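Common to both upcoming complexes is chain A, partnered first by chain B, then by chain C.
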Partner chain A sequence: MGTKGATRLVSFFVFNSNYGPREGEEHKKILFYYPKEEDLDNKIKNIGLCEAIVKFAETFSDKPCQSMHTQKMRHLFLEPEKDFWAVMTVSIPFIEKQKEGQPYTEYQEEDVQDPVYEALLRQAYRMFQVCTSPVYEAILRQAYRLFQLFNGTFCHILAKTNNNVDVLKQRLDHFYSRYLQTLRVHQSDIIDIFSGIHFMPLDKNTYLRVQCFINLLEARFPYIKYTAFMYNDQLVWSGLEQDDMRIMYKYLTTSLFPSYQEQELQGTSSVSPARTTTAQAIHYGKFVTGPPDINDENTLGKIPRVFINSEVENEECFLLVYRAHNASVCMLINVANTMTFDLCRKLDGFLGPQLTQLASDIGEQYSKRVTTSGDPPYRYIYFNHMNLAQKTTVHTDNKKSSGIHIPPDTLRLLTDISADMSKSSEDGETIVKTFSDNWVVGKKSDQREFYVVINQKNANLIEINGNNYNIRMN
Partner chain B sequence: MTSSEDSGSFFIELCKNPIRFDPVDKNTNVFYDDANKQVFTVRSGGAVGVVVKGPKENDSSTFRIESRGDVMSIKFSPDRKILGIQRSPKSVEFINFGDDMSTDQLEYSQACKGKSTIISGFVWTSPTEIVFITDHGIEFYQVIAEKKSLRSLKTISLSVCWFVWQAESGILLLASGSLSNSLNPFQFRGGIVTKLAKFEVDLPASTKPPRQSLQERDVSMALLYGQLYVVVLRHQPRPGTAAAEIVLYQIMREGPARKTNILRLEMSGRFAINIVSNLVLVHHQTSRTSVVFDIHLDGESDGYVHYHYPVVSPLPIKPFKLLLPSLSPQADKMEYNCELYSANWVVFQPNVIIDAKLGCLWYVELKLDPLVTMIPDKYRLVKLLLVRDDSKRVILSVCRNMLLPGQQANLVSIAKIFDMLNKVYQQYLESECQNLATDSGVPQRSRVIIDQSDMYTHVFSVFEDNKDIKYKFMVAVIIEYIRSLNQCAIPVQHYLYELIINILVPNNCFYQLHQFLQYHVLTDSKPLACLMLSLESVYAPAHQLALDMLKRLSTANEEIIEVLLSKQQLLPAIRFIRSVGIVDTVSSRKFLEAAMNTEDPRLFYTVFKFFEQRNVRLRQNPKFQPGEHCEVYVKHFESLFGTDALAHIQVS
Partner chain C sequence: MADSKEAEQVSTSESEQSDLIEPETCIHRENSMLLPAENFISIDYESFENYDCQPSGVIHEIVRSNSQDKSEETPDVVLSSSNDEFSAGEDKEERKQISAKELASALTEEDIEEDETRKPEWRAQKKHIFILSEAGKPIYSRHGSEDKLVTIMGVLQALVSFVHDSNKDNIRCIIAGDHKFVFYVRDPLILVCVSQGADSTQQLLLQLTYVYNQVLSVLTHKTLVSIFKQRRNYDLRRLLSGSEKFLDSLLSLIETDYSFLLGAVRCLPLDLQVRDMISQSIIQHARVKDLVFALILANNQLVTLVRMKKYYLHPVDLHLIINLVHASESFKAAESWTPICLPKFDSSGYLQAHISYLDESCQTCLLLLTVDRESFFTLSDCKNKIKERLLKYNGLNAIGDSLTKTSYSINQCGITDLRHFLYKSRSTAQYTSPEVEAPYLGTEEQERLFGLYQYLHHRIHTSARPLKILYHVGPHETLLGWITQGFELYAVFGPLVTKPSAIHSINKLLKWIKREEDRLFILNSVTF
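Then we have the complex of A and B:
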């Protein structure tokens, strides 16, 4: 076996054909192009090719062209807004082999799964729409903190800036040059397609307390338009609409929270939680975004702006996140309101004690629940299309940062089964045995998808089928 | 509420129809017996006549007694069969009465024991038992009416300064000691006297003797919230303070009475105390106002004693007009404004005010409506109202008003009020359960219960009527109520869920609704599932949510089949009946009809074959039975696929 070339992001670009309709002005079509270093001629050529393919494909189908397969590359097309195209090109992994003494390259075409990359592309667009990185020089150092200034749709930016394409280009550049670095193209899988939300299991009474706490918060501070409540990386309540929450969840769990925790670990944050000096009761609440130190009036900290579509399109809001123990409250405040230190202090006074108490009560319940034993005989992925609830024991954690418990080819198989089943509106079930002697059961029923990977030596189909994997979930 | 224009500013009233009697003059004496609540008007020592009036219209009677000197005290036995009259310090006379209040006027007498003994008063402890209170103690007698004689049951020796009798609890309080501040409670029940532990009332420390002794007029007894208290008025509790206070001593079953509450009057002068609906009403003569205390409301506490301040600012009793026969020929009646807080007033427990000069006996009444505007703190207000009689209407209107824009209470106090209401509701439900279990019908003190249907009809209905309330607030309030019910382990009625859904849906809050269902905040039920089904057109996942709910209920198989068939989801329906094991019992006609309606021959074929196989399994014959009424579908099948496609009996 020779060396293996992994899947890698070859290029990513955004263009609008209307900006350079005439010959010689083709470069004006380019709004963003990665890699930047690429020769302008090549950029124009590649965009031209994509334009041609899209146009050509239009003659065959009402549906726009989604992808183009070539031996070494995979092109994925997305038209998120009218005439704006985002194109992502990834390389096909290959293996260098020897055949009759001659080296040759075998491309693993089936390793690149369209649905996964279509999902990635959609997500890249939504992420942009929600947020981009800030202008503050200081924050640029932290490569991870990507999403702090918020944009809205391409059209919205243009509308706001009198059709100034340069501003759009600037924003795109700002966001994507960092975002693409964090994109782990080769690690993407079925979870990226679902892009689901992990919900926190809670008993009814505790849940109702969270509810009432949020109602009280929104009643006390009426400028808080939407609130989401999270525990660790799990969602408890969202006042945002589902689609907004989906991307917000992604942003919070993959970007904001990890970077905040990293910062906490490094101890760069100067705040000590126990404020015994002040008259108020000791609590452990503090702002994740917002004033880093509630006793220091000089800095309001960094408060990201996000674009929300829950009530109206492109509603720009401040995202203020407050945390006590493991519970986080994400508050969205319309930018028409000015953020003042006084407001943050009042919020701190209200949230601190109550959230500390609530968080420790939830924590108690949580710790009772987390008593999973050893290695289970099976791994599963569950996704509910109705509420986007997702669970996985295939990945070591929900952020899928640290690894997977099943072979990569099995994981890819799940994507294939899911794609197959999505073609039909009927419920269905598929049972597959892999080369690696795993059994995979995929089931779609009542708007839910459920995949079980069973590692049971010498099991036969009847045994697997007879097994009742009735795991109760949301 | 009364129609009076200024009724809103008075919450203490005198009853509309006072008991009228002949006013006191040099020939007429008036007595009030608080045990039987009767007024006696004795004219010329009874020779001219004795008029007795009670709380009820038909309670009055008139009779004559022999005039043998001035009457000092006159009281009927509790059953009105024997009249006790005291005319001298040495003896008490008795007259028997019949059911129709007829009397033979024959008196029999009982003298007290000992030559130097003086009777200070007597009380009836039962229809046939009477206690003489003397300066030497108490003498307990049984009255044998038919023999016109008395039999001594018990004598207790004790130096007595004065006494107080509380008829309901049968407690006699005797004051002794040089300062009369040593109080000795005795309980009379069923012919038995029980001596309870005596206790001392601390008197204000006075720098120069003689110290003021405890006066009879400053001591009374009152039942508050089912507990008996000795109520002591202290005019100058501490040197240097002019403000009087009232001290409550709770009579204990075991051990001496305990000082539990102090009511701060913040005034000085002449006071009189009434008890109305477990509230302590204090009338102040100088300022002509009254104050109200509720020991149920939290006061400051030093760990032993609770200190209370008036619930509302001092306010006068509502003016009272009496209609008197007119002297002028033009009108036959004239209005007379009674003097309130008059020097002629005598106050009796629990709620009686007598003006002997005017010849009026009133019951003091409390109006709850005016209190609503007088107590701004809604939590305190509801807490106060919740332990009053007949306060349900007022509480519901308070709750309703606190949801209205402009006077909206904050969620914290709304939550506290809900918790308070539901706690009472929960206790009521629990005691109901216990009563059912033990079957011992000990009737509960009828307390005001605000249940879910009350809240729904009288409070939350405000959301229907007032369109200015923000939906967020409505949702918050109902969720708060549901939370409170859940915390009290009270099953939530489904109309509350319906209410919240009907608020969420028009505001497009489907995702929120979805989350509520996901966390089972809205408990599964068939009506709720049906409501969800109706929402499918506005929120597509509602259909599946409803199906999930029906499946969880596991008693709704029929409904699930109906839903699936109505959606032409035949295969899911068949999968469902297989999964719950009811293939053999479902109606084949229903399925075939739905399958035919799809106009999908393949689907019809599949369903038809499925039921043919069932027939074979059940009856070894693929044919449908006549009772199944499937002829039309068999024909349809034949027309589509031909007769040969029908299954035939396997002949083996």
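Then we have the complex of A and C:
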């Protein structure tokens, strides 16, 4: 009854107190502030409050301030680099109720869980660090030419631009004003904390074929430094370091692929996809980033640059993505190499037929497996800290776009249990029965976390046993 | 009114008087309508969310119903007349709008100032409690002297009012690493806790409400509000001086005694017949007009409670009474006559408490709580008669015996694997638990055990996601929490116990408790 208010992003800002130490110069501290329309006084005031909180917490604690809870808001704090603070504010969901004829607002404070939003904030920073955009690149190319290759961190950008704060501000603005729009604050949950990768299980033969294909690719085009192979939103093979792959995976699945698919659907660039029907066999290969039309030499398209730390810190690479059917190959090429149209054409010639064949074979295997049988008596979430593998049947799909199969409160309970377990480095198991008579089993062992939600109202504690749910992890 | 002189004489002759403030302002009669019955909080603790309501007028009701003739008004509280400390300017001072700038500068000033906060031992304290007025005047700090904490109190006040003024919002807590900063703003006071322990923020908030209620029990809500209404800058320490020890004692009890965590009271195990005999002694000899509650405490445990029909003692109030007795050595020296406000019973006035020890070793304490300020001698007489009867029927010996047995050992329950448990009977708000034994004998281990229970209690009672059962296997022990309509059970097993055997033990334990119920709990309430 009554109106409801969901969690939403209220503000997001980045500041550094050292930039405006004097009175009247407070605005200089602000490096980025969302929403932009916010009145400058309010911006200054809110940053002032955050500075005060951070300093006050230091009076007692050696660890930095993480969050502030108020009745209506939740502030999350992150100091990703010394003296640079990123603060995110989300609203507390509420319900307007009537009590004895008087309207009042009930704030559901416990629905907003710190670990989830801390994870979002960390991710927001990491994304910024990794991604730069082609558009932006064009604007600032001149500035960059003067310096060496710039780096992803705030400090490195500053270091490379002779402490030009404006450059940093522009970059922040460019990245975050778009990134924040993709942030689905109210849908965040335990999956955002894990921020894992969905792996694609394949039979041995097919897997070896993929590996062969990658080896062949890298041998033939030696300037390809790293390669990753994806099918739909699942990772099949990756030559990147885990942490790089994690953020790259996030970028590909939540940003690049969806926007590409949208484009495809709109059919704006529908020059009936680069279907080359020359001497070669028909293939469905196409660049996701790179030349939009392989027959049109005039445009090289947009090729994003990313920063990765797999071999050396802050290595800048072009990210070239090629796709056929549902299979995508992501190729990272050091920016020291120049991208030419000729190179892309050669790649297309090699990738197109091979990938088309591989994709349809995988697709065959994939469609065989996707035969879910009715409503299972339990749902689970699995995460492996060692290889970041993640699996969920709690969410309707891996992107958690369409919904969840368990009550939201139960999903939040998983975060509670996970947070409890993360306090101790040792293994443990927790079994709980909720008020709605759902059973939840949480288990942490050997770097793996595993949660099962069992909808079996009349089960008793003895019958509920995490080990009984031998879920094939493939 | 005419013979209030006598009461004064009595109170000055009592050693405890210095601890409590303004005994002559005990009971305020006002013309307000009596509160409806549901406002008296029953002994059921479940409705903790109602802690915000401040009942008042109960005392007045009792007084009026018992003595129709005394219904004339007494003048309002007169504050201590020594207002020399105040300049008129201070009073008129407008509520300051704090700018972010000032906030930040307040923090930098702090660095310059030679103050307590820079001492590592002060900073390392596990739990700080601060009380300040809404104007930012220091009232109490658990560690260090408030005088040296003026700046930090100022910052606390600034944070509270900045958040309030700029967004019409209320600050609740701040998290930084292991530290939790919890704010509890209860007009006209601001209470803040800074903890690095295992307590959850809700548990810390509960502790702050206890601290707040402790302040009320000394001053009454009515006095507190009217003082600050008259002078926003009033230095409340002048009224609270001498009662800091109650706050200190309360805070250390909260950290060691499970009563506060559970919202329940622990009863001294006694055979049903013995307890009945003790209650009967009170009923027979203390049937005095205006006597609201009569109770016997032994080593922070309840022996018996006799109440006026219609009125209940809330566990929170009982905890304050237990703390009063626990913190005062002086009651052991002589019979005392002391005013106490029980905030859940009536936050606007005082009850008068007659406090005396019945035995030589000063373990068994009798409290008679009345609304009649002039009944010291009547009650003293009652006390002698009760004592006589208890001696005659060996009641005191029975209490003494039970005390020397120091509760009971877990072995008595006859359950292997079980290391410790807490069992709360929800309908009576009472709990029982065995002695703490190995491996929890060291102070550090006891704190850890306390932390385990705090974790269990917190996870089960998270208000948005309450649980019925929680079974947790950790590296050092296996924990089980179980909530039903009738009881809450928290049990600690060794780490290697299997689930079926833990469940078997729990069933056995429940049977044992059922068998011992008469001894461990007070099941029927006794009224005058």
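Please note the rule applied: the second predicted complex is superposed on the first by the 443 of 474 C-alpha atoms of A that agree within 3 Å, B and C clash if a C-alpha of one lies under 4 Å from a C-alpha of the other, contacts with A are read in each partner's own complex, and residues count from 1 in each chain.
Here, a contact is a pair of C-beta atoms (placed from the backbone, for glycine too) under 8 Å apart; a residue touches a chain by one contact, two chains touch by 3 or more.
These figures come from a predicted structure and were not determined experimentally.
Engineer: Classify the contacts of A:Gln66 with the two partner chains as first (chain B alone), second (chain C alone), both, or neither.
Structural biologist: After superposition on chain A, A:Gln66 lies in contact with chain C alone.
Engineer: For A:Lys82, using the defined touch cut-off, is the partner it touches chain B, chain C, both, or neither? Pick first, second, both or neither.
Structural biologist: In the superposed model, A:Lys82 contacts neither chain B nor chain C.
Engineer: Is A:Lys99 touching anything from chain B or chain C once the two structures are fitted on A? First, second, both or neither.
Structural biologist: neither
Engineer: Classify the contacts of A:Gln242 with the two partner chains as first (chain B alone), second (chain C alone), both, or neither.
Structural biologist: Touch status of A:Gln242: first partner only.
Engineer: Tell me which partner touches more residues of chain A in the superposed arrangement, chain B or chain C.
Structural biologist: It is C that touches the greater number of chain A residues.
Engineer: Looking at A:Asn215 after the superposition, I want to know if it touches chain B, chain C, both of them or none. Which is it: first, second, both, neither?
Structural biologist: first
Engineer: Between chain B (first) and chain C (second), which does A:Lys204 come into contact with in this model arrangement: first, second, both, or neither?
Structural biologist: A:Lys204 contacts chain B only, not chain C.
Engineer: Answer with first, second, both or neither: which of chain B and chain C does A:Asp427 touch in the superposed model?
Structural biologist: both
Engineer: Kindly classify A:Arg22 by the partners it touches after superposition: chain B alone (first), chain C alone (second), both, or neither?
Structural biologist: neither
Engineer: Go through the superposed model and pick first if A:Phe56 touches only chain B, second if only chain C, both, or neither.
Structural biologist: Touch status of A:Phe56: second partner only.
Engineer: Which residues would you name on chain A as touching chain B in one complex and chain C in the other?
Structural biologist: Common to the two interfaces on chain A: residues 426-427.
Engineer: In their shared complex, at which residues does chain C touch chain A?
Structural biologist: Within the complex, chain C touches chain A at residues 99-101, 103-104, 107, 110, 117, 123, 128, 152, 155, 158-159, 162-163, 166-167, 169-179, 181, 194, 196, 201, 455, 459, 462-475, 499-500, 503.
Engineer: Once bound in the complex, which stretches of chain A touch chain B?
Structural biologist: 199, 202, 204-205, 207-209, 211-212, 215-216, 218-220, 237-242, 245, 386-387, 389, 426-427, 446-447, 474
Engineer: If you look only at chain A, which of its residues touch chain C in the complex?
Structural biologist: Its residues touching chain C are 23, 26, 44-49, 51-53, 55-73, 108-111, 114, 409-410, 412-413, 416, 420, 424, 426-435, 437, 461-462, 465.
Engineer: Which of the residues in chain B come into contact with chain A in the complex?
Structural biologist: Of all residues in chain B, those touching chain A are 410-412, 415, 472-473, 475-476, 479-480, 482-483, 486-487, 511-512, 514-515, 518-521, 541, 544-545, 547-548, 571-572, 575.
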